[in-house]
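Down below are the structures I want you to see.
In what follows, chain A forms one complex with chain B and a second complex with chain C.
Our next item is the complex of A and B:
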């Protein structure tokens, strides 16, 4: 078990070090999502009634785009630099490769979210920095990254990878994104009277199901 | 008796590999004994690289079984991959990492004890100590190939698969590679492909001739020389 976890971490740590050296992914993702956030903040008229819904929708739209870019970029670097065969030839179970990639993608996305949430909290003037929103974000991010990592592995090997990934990724993560938007606006406005713990539970169950299924499917996805 | 000596090092049992529009390998049956060094020759498109990739477990055959020391490589525990070192056309190195960082990463994944010491050891073997702290993206094709060779044997595999290891190497590097393959890796089972037959022949014990019609002929080096002489005369 220790060896398995060490292998997962070795793969994640390698991705993190590669990104820290080039910073290509962080810069491009942050520029796009911050621009999107500022434009929507300026364009959408301020209304007290709609603020919570707008904030939750905009922030999850930004996270969706950021996660798409992160998973794609992570696999493109892997594929372009050594090809996926470089990892397959190692004595590492394929699900450990998958989990390693999930962990590194998750870390990248959590770093991006740690910049996005304070920024949107200021721009939209809503209390986003609460433990409840953090729990919702964590659970939903795991599910999105888990699905995205699998689909990026499938599409990176194809000639039309720029088309393939959005076609597979966006429809698959819509349920979890919608659940996250709903849970976030409920958390922002307690007067809705929603059961936040139930929302977090649904997100956790969805993420767990996605991660377990994806780890199994990944074995076949990277075969050829 | 361990599996290493009980079974052939590599067995291809009725192996076929078909791509959508072509057959790369067709009903190939070969057995390579432990310590044997096999040179695979043949024209472009005869399936040399496919054979290396299939034996190395990188691609699945359409039909047939590949056994390494008696174990089906495509069904075995990932741990069994430690017995194989493979160098394909791509050296499998991260371009934004230095040579040392690459070797450390792969050394850790292969669970190599005392990786730092092992890196120095193989750097001496391939005379690449001066390349270790340079980014791979800054290295020439030949130097990447040498670093790729070091990556291939970092975990001291018993079976070494080399797909055109000589391509892009200058005369001096070719001599060094021949010396390393000939002396240091003497006890290993080696399968290598090359278009430079004159360079590769002194290094091997057997030759596998593949044709574009997917016919395969495995002969000893003595038989190859006799056949060659006969063709000349």
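Our next item is the complex of A and C:
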């Protein structure tokens, strides 16, 4: 078990070290997502009296776009320089490669979210920095990244990878994004009287189901 | 044309004509919904049958990944094509009915939304096939998309059961109440269901044969190319 976890961490650490040396992905994704947040914020009419719903929707839209860019970039860099073929030939289980990629993508996205949430809290003037919102975000991000990593591994092998990833990825994560938006707006406004623990439970179950199915299917996706 | 094809097409024609006769002449007009309710005789079988391809795709995609037999890939591919056609028709007929009844062409009801997601998944499946050049990769990738997409389809049924919805209650199938329908309406739905089921089965069988033939031609072409290459290098 320890060896397996070490293999997973080694694969993730390789991606993290690459990003720390180049600092290409996190910065560019963050700039794009902040620009998107400002544009959507300006596009929403001032008269709209639904701050919690609007905030939750805009934040999850930004996270979805950020996750699309993160998972794609993580695979493209490696695939274009034939590094992915070397990774496949490593004497480690294929699902360890998948989980390693999921962990590195998750860390990148959590870093982006750790900047995005305080910024949104200021821009939208809503209390986003609470343990409940953090738990919801963590659970939903795991599911989104798990699905995105599998679809990125597939899309990168196709002729139109930039088109294929959103076509496959967005419909697959609609249930988890809907659940995350719903849970976030419930967490922002306790007067809704919703059971937040139940919302977090649903998100955890969805993420677990996605990660388990994707880990099995990844073995077939990279069966060179 | 094969004799069994002609028999099947003849049966579909008879069933379709009988269904049209029942829908437009025999069955009474609904007291509450009026004439627009007649589209249900087409919409309900289309929507119910749209839920069968995900089951076929799920099973055949797993079988393909385990056994790597092209026939399972051909069956999954055909089911998605027919599924896309039936889902499109179910969405269009439902939308035509919704306009006079709900006052809108579309509403973000869970059942409708999930059908739209299913439709998008089918499109994604067909796109990944057309954008992947190598036959082995194409079949593997589409099988993975097929398995995940089919799990998504399960949400279609669960959504109508669990989430609050404005979609009408089920009047046929396991979740229907007893004696929910007039006998003439029941006969109308039954005959149009049989007609559309025959069309569904025929299209899947026809497309599967076509895809299998295309696969065989492809592998024969590869063998010929291989042979020509060996002869030219002697």
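Quick notes
Operating definition for what follows: the second predicted complex is superposed on the first by the 218 of 224 C-alpha atoms of A that agree within 3 Å, B and C clash if a C-alpha of one lies under 4 Å from a C-alpha of the other, contacts with A are read in each partner's own complex, and residues count from 1 in each chain.
Keep this in mind: a contact is a pair of C-beta atoms (placed from the backbone, for glycine too) under 8 Å apart; a residue touches a chain by one contact, two chains touch by 3 or more.
The model shown is predicted, which means the values in this text are computed figures rather than measured ones.
Judged by the touch definition given at the top, the superposed model places A:171 against chain C, while chain B stays out of reach.
In the superposition on chain A, A:51 contacts neither chain B nor chain C.
Shared-chain residue A:121: touches no atom of chain B or chain C.
With both structures placed on the common chain, the touch criterion links A:132 to neither chain B nor chain C.
By the touch criterion defined above, A:189 lies against neither chain B nor chain C after alignment on the C-alpha atoms of chain A.
Common to the chain B and chain C contact sets on chain A are residues 223.
The part of chain A that touches chain B in the complex is made up of residues 3, 6-7, 10-11, 14, 17-18, 21-22, 81-83, 85-94, 223-224. Here chain B touches chain A in the complex through residues 53, 56-60, 78-82, 84, 86, 88, 90, 92-97, 101, 105-106, 108-111, going by the rule given at the top.
Taken in their complex, chain A has these residues touching chain C: 147, 150, 154, 157-160, 163-164, 167-168, 170-172, 174-175, 213-214, 217, 220-221, 223. Looking at the complex, you find that chain C touches chain A at residues 65, 113, 117, 120-121, 123-124, 127-128, 131-133, 137, 140-141, 143-145, 147-149, 151-152, 155.
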